[in-house]
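Paired with chain B in one complex and with chain C in the other, chain A is shared by the two complexes that follow.
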Partner chain A sequence: MNATKIFLNEQDMPKQWYNLAADLPKPPLPPLGPDGNPVSPDMLAPVFPMNLIEQEVSTQRWIDIPEKVLELYNLWRPSPLYRAKRLEEYLGTPARIYYKNEGVSPAGSHKPNTAVAQAYYNKEFGIKRLTTETGAGQWGSALSFACALLGLECKVFMVRISFDQKPYRRLMMETWGGKCIPSPSSETNAGRKILEENPDTPGSLGIAISEAVEAAVTDPTGGTRYSLGSVLNHVMLHQTVIGLEAKKQLKLAGESKVDIVIGCAGGGSNFAGLSFPFVADKINGADIEIIPVEPSSCPTMTKAPFSYDFGDTAEMTPLLPMHSLGHKFVPPPIHAGGLRYHGMAPLVSHAIELGLLSPRAIHQLECYEAAMIWARTEGFISAPETSHAIAATIQEAKRAKEEGKEKVIILNWSGHGLMDLTGYEAYMNGKLFDYPLPEEEIKKSIATMAHLPKPSLA
Partner chain B sequence: MTKYDELVKRCPMLGHQINFKYCRSVSPQSPCRKILDCWFEQIPIQQYISENYDTEVINKLMIPPKPKILSILELVEQAKAVKQE
Partner chain C sequence: MNATKIFLNEQDMPKQWYNLAADLPKPPLPPLGPDGNPVSPDMLAPVFPMNLIEQEVSTQRWIDIPEKVLELYNLWRPSPLYRAKRLEEYLGTPARIYYKNEGVSPAGSHKPNTAVAQAYYNKEFGIKRLTTETGAGQWGSALSFACALLGLECKVFMVRISFDQKPYRRLMMETWGGKCIPSPSSETNAGRKILEENPDTPGSLGIAISEAVEAAVTDPTGGTRYSLGSVLNHVMLHQTVIGLEAKKQLKLAGESKVDIVIGCAGGGSNFAGLSFPFVADKINGADIEIIPVEPSSCPTMTKAPFSYDFGDTAEMTPLLPMHSLGHKFVPPPIHAGGLRYHGMAPLVSHAIELGLLSPRAIHQLECYEAAMIWARTEGFISAPETSHAIAATIQEAKRAKEEGKEKVIILNWSGHGLMDLTGYEAYMNGKLFDYPLPEEEIKKSIATMAHLPKPSLA
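Right, the complex of A and B next:
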């Protein structure tokens, strides 16, 4: 088969999501409180419906995708699998490179995969309204879109300065019927307090999150919940439709074996979405290299030891098992906002510790160079986060050329960068720089965790 | 304190351009917690911070972002307190 795009019929879309927690050789460790006890899932009940919390803690391997969600996925799914022929030619590689194009969703990224599912489960639970926060508006627009499909109200607290300066995402939300409110607002106690102190404040993401959570928790009717687009297990679960589709499409393309799976890893959902179904194959003996990619300037997966770490420098928050550079670590700057997390998602950390993933760090200049090559060969302009996966793909394709091997590589092209072109502008104007983290700085930071308990995987 | 206010760059959290004034005045008490990350290659930001903020604020700046789930649990507790008032 020599097609550029490999499609699945709607009826061939996976009917179940895959839950990696069921197959890990050793179960994932629960988040611990400062007293050493696991955090109870009941604590999440004020903000999430119980059916999603059940998914959050589920160890069931396959979870049925409701008919209604499948029907809504049909609007853009199954997403096409592309063969990156022009990139292969440019690189002169014997590797066959495939990418899952998640930029075809109405909101332009993978995020509606979970937004639609979350809106559905909230509606099933009797919820009438969802709240969330947004900066530039990517998640806010995905959730507004999902709520429009399910007939839910959607209230998005958008940081005031973004509300004023970034009107197009706001208009997307409003077009889908979302109520977009500049934050801080007079609708919440948190917002009013800030406005009293500083009526002209431009707002912040922290304030917007506070408002969104407060609006959900304090609704006297009990009909409002909060929605989150990354990090949590149920979010990753919903995204596995990406990898499950990809496996079917690779078979249609005539590929009997995949050698390398690549995704950028920040909150973890787009990486998990493509890779977790392949991780299952690896657990069952398949020889696959699975690569989460992170920025070299903030290497939480590639250089840090696996340890329980505090979530803050004040050491007040519960302990989570994660790859961490230590809670006193402050990462250098980078222009891919979605990848700026202190600690990787615990489930991804666990899979790394079990040897199932091979994380890699790449400098931002190499990522932008890769994104430019991609745009000039494959045509699509990538989100800055997605450029990390492209850079790793190019590295592997070049390695295949050196080794003379016909490897099969697949990456998750998680979204377009058409509303995030300022990073490209900075790159093209020579305003971006690489900042390798000195080894001494890493060692010093890791030493701050020496007294903390270590997780046992035995 | 205002000498860098007109400098412009893309905010990685918000996803669009902002000027330095936003970074230093995002809250009345302290600058954005990412101010060191975002500006050190363009201006002597550590010197700027040490000249304009006290130790308490500087220590606060060194606090990295919390895992999101933990932040949410804290906010739930705060919201519950508001509901009870």
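Right, the complex of A and C next:
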């Protein structure tokens, strides 16, 4: 078969998610509370519904996808697998390049894979309203979409500077019935305190998380919970539908072996979604190179230690065992907003520690150059985050050419960039820059975690 | 089968376009030159390549889709057919509602179906560069995309007010390598003349057409041609791949009969694309209601006569036999920019005259209300043009409920609205209005065609 695009029939859609925690040679480490002791499920109950907390700590290998979630997934899933033939021709590579197109979802990215699942479990648990934070708006729009389809209210605290600069993302949320407010807001203690001190603050993801959590746990009716779009184990779990579909589609395309798996990684969820089913093969002895790609300006995986650290700037979350640049780290203003996070999903970090992954960092100019080539060969305009996966793919395709090897490469095309065209404008006008980070700055930021417990997989 | 989404395998993609001209009970009427005599193919040669002119006048029923066009179509085709189950439930209708999702193309609409074909035929004919005009930017971005993939240069004259107001559409064109310039420009005589008279003009589609045609025919190398995104016969032809796919998919969905076919119509191409294969069935006796939907503020099909009229404001094009409000008609500022055209495709107009279609006009508030319901049930955010098809679908679904009939309805979901969210904002803020047209104004505009020849199908 020599198709450009490989569909999967609805009846072949995976009916279970894959949980990497079941197969890791060393069991995942627990999050810790402020006292340094493991956080118990009960302690998380005011924040998340118990059914999601159970998923968060589960070590069961396969977890059934509820019928209703499958029905909603079917709006855009199974997502097509493409063969990037025009890119291959352009590069003159002997590699065969495949990509999963997650941009076909109504919100335009992979985010709805977990948004729909989280909204479903909250609804099942009797929750009426979800709160969350969003930076550039990808996650806030995905959760608003999911809440619309499941009949939940949704309140999104959007970082003020993005709220002002990206009105289209806000309008997507509102079209789906979500309530989007700039953060810091006067609706929470955390927000009011910051506004008093600094009325003109542009806001930050850390502040927005604090507000969203506060808004959830202080609802006197108890009908509100908080939802997170990446980092946590249950989020990685929900995304594995991507990789499970991809495996079936590669088989349909006649590929019996995959050599390289690539995804961009900010909090880690789209990368984990595609790669974890392949990580399982690698644990079982398969010869696969699995590459999470991050911005050189926010080198969590390539330059930061595996440490316990807070998930947010304000130190409200439990301590998570992860690669972290330090929770006060403020990354340079690169356009890939979704990759500007100081930490990395504990499960991804864990797999890195076990030597299962080969992280790579790339600067944004190379990523935009790759995205331009992609647009003019494969036709689709990529999200700035996704461009990191494309840049690494091009590096690997060139290497295959040099080595004269017919490698099979698969990447996760995690979303379209139609709402992010200002980055392309800056690139085309020569106004885009790389932001090399001084080693000293990285060291200084990492030092802020010196007093925190160190995780050990020994 | 009870699927939400019906795929079609690549090998089942239609290999030929369907030409309605072959089956019309009365043959199509020719365009006329300024002297009132039919325009010969030779006269069009400076504007279009001869292979497309041949398609324009062809009465052959089936026309092979070139291999290369099929290969490019496969980037987003076959497009999925959806069952709008959640909308059906919301409306409590016994109707079964299906929609073709043309928003999955890289440009986000049906426009690439003809853009790719036109770029291909021009390239085959040895043309190096295409010019075109664009209003809101849907067509300009689709042609830029097609030219990028086929290695042609592309120059787009974009109506200045849209150029200023919609930078994202321009950025899409530039990302694909298209050159987008505000019209009127100083690059053409037509543009310079208007700028001299009125340096601050917001521009118009009529002016932009004049500039694009002039830029094509005055290229001294002879390597440039003009491309049009709707109205013409060959454009309708290329779009029929939508309806041909839909027929196969409806069969896969277990539907043996369709009762109602719906599409929005500005120049007519997305409507023709879905409906013409069903019009053929109707000509052969099938009992189908086929509804092109237009804005009440630009009631070309429902209030204007079948007349010969110019395609552009500046009277540079041949006279086309079509429903027209008069080529000087300036429609009110509704958000559905793609439906603000004074005329209608000659083939669609012809089918209306023969009683094969049942045109309908709807005001924009009802359309936005329909689009909001759609976003919160089906999940996708619709283009303002597409919302007209949705509004008519809801009208028909409600009628089926009143009548207690299990009708099968199919509509063309012609594109997403992610670049057009300001219309949604105005709607949600109560700042959107209908624009009822005084009968007198319509009469006055129609009267401007009094001196032009009248087509007759008698």
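Everything that follows uses one rule, which is that the second predicted complex is superposed on the first by the 362 of 458 C-alpha atoms of A that agree within 3 Å, B and C clash if a C-alpha of one lies under 4 Å from a C-alpha of the other, contacts with A are read in each partner's own complex, and residues count from 1 in each chain.
In the analysis below, contacts are C-beta pairs under 8 Å (C-beta built on N, C-alpha and C of every residue); 3 or more make two chains touch, one makes a residue touch a chain.
All values derive from a computational prediction rather than experimental measurement.
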item: First, second, both or neither for A:M50, with chain B first and chain C second; value: neither
item: Which superposed partner A:A253 touches (first chain B, second chain C, both, neither); value: neither
item: Partner chain(s) touched by A:L228 [first = chain B, second = chain C, both, neither]; value: first
item: Touching partner for A:P106 - first (chain B), second (chain C), both, neither; value: second
item: Partner chain in contact with A:I373 - chain B first, chain C second, else both or neither; value: neither
item: More chain A residues in contact [chain B versus chain C]; value: B
item: Touched partner set for A:N198, first chain B, second chain C, both or neither; value: first
item: Chain A residues contacted in one complex by chain B, in the other by chain C; value: 419, 422
item: Chain A residues touching chain B - in the complex, by the definition given at the top; value: 31, 39, 43-44, 46-47, 135-138, 159, 161-162, 165-166, 189-190, 194, 197-198, 201-205, 209-210, 213-214, 216-218, 226, 228, 230-232, 267, 311-314, 317-318, 320, 322, 327-337, 340-343, 419-420, 422-423, 426, 433, 435
item: Residue ranges of chain C in contact with chain A within the complex; value: 3-5, 7, 9-10, 71, 74-75, 82, 86, 104, 106, 108, 145, 148-149, 167-168, 171-172, 174-177, 372, 375-381, 418-419, 421-422, 424-425, 428
item: Chain A-touching residues of chain B, taken from the complex the two chains share; value: 9-18, 22, 25-28, 32, 34, 36-41, 59, 61-76, 78-80, 82-83, 85
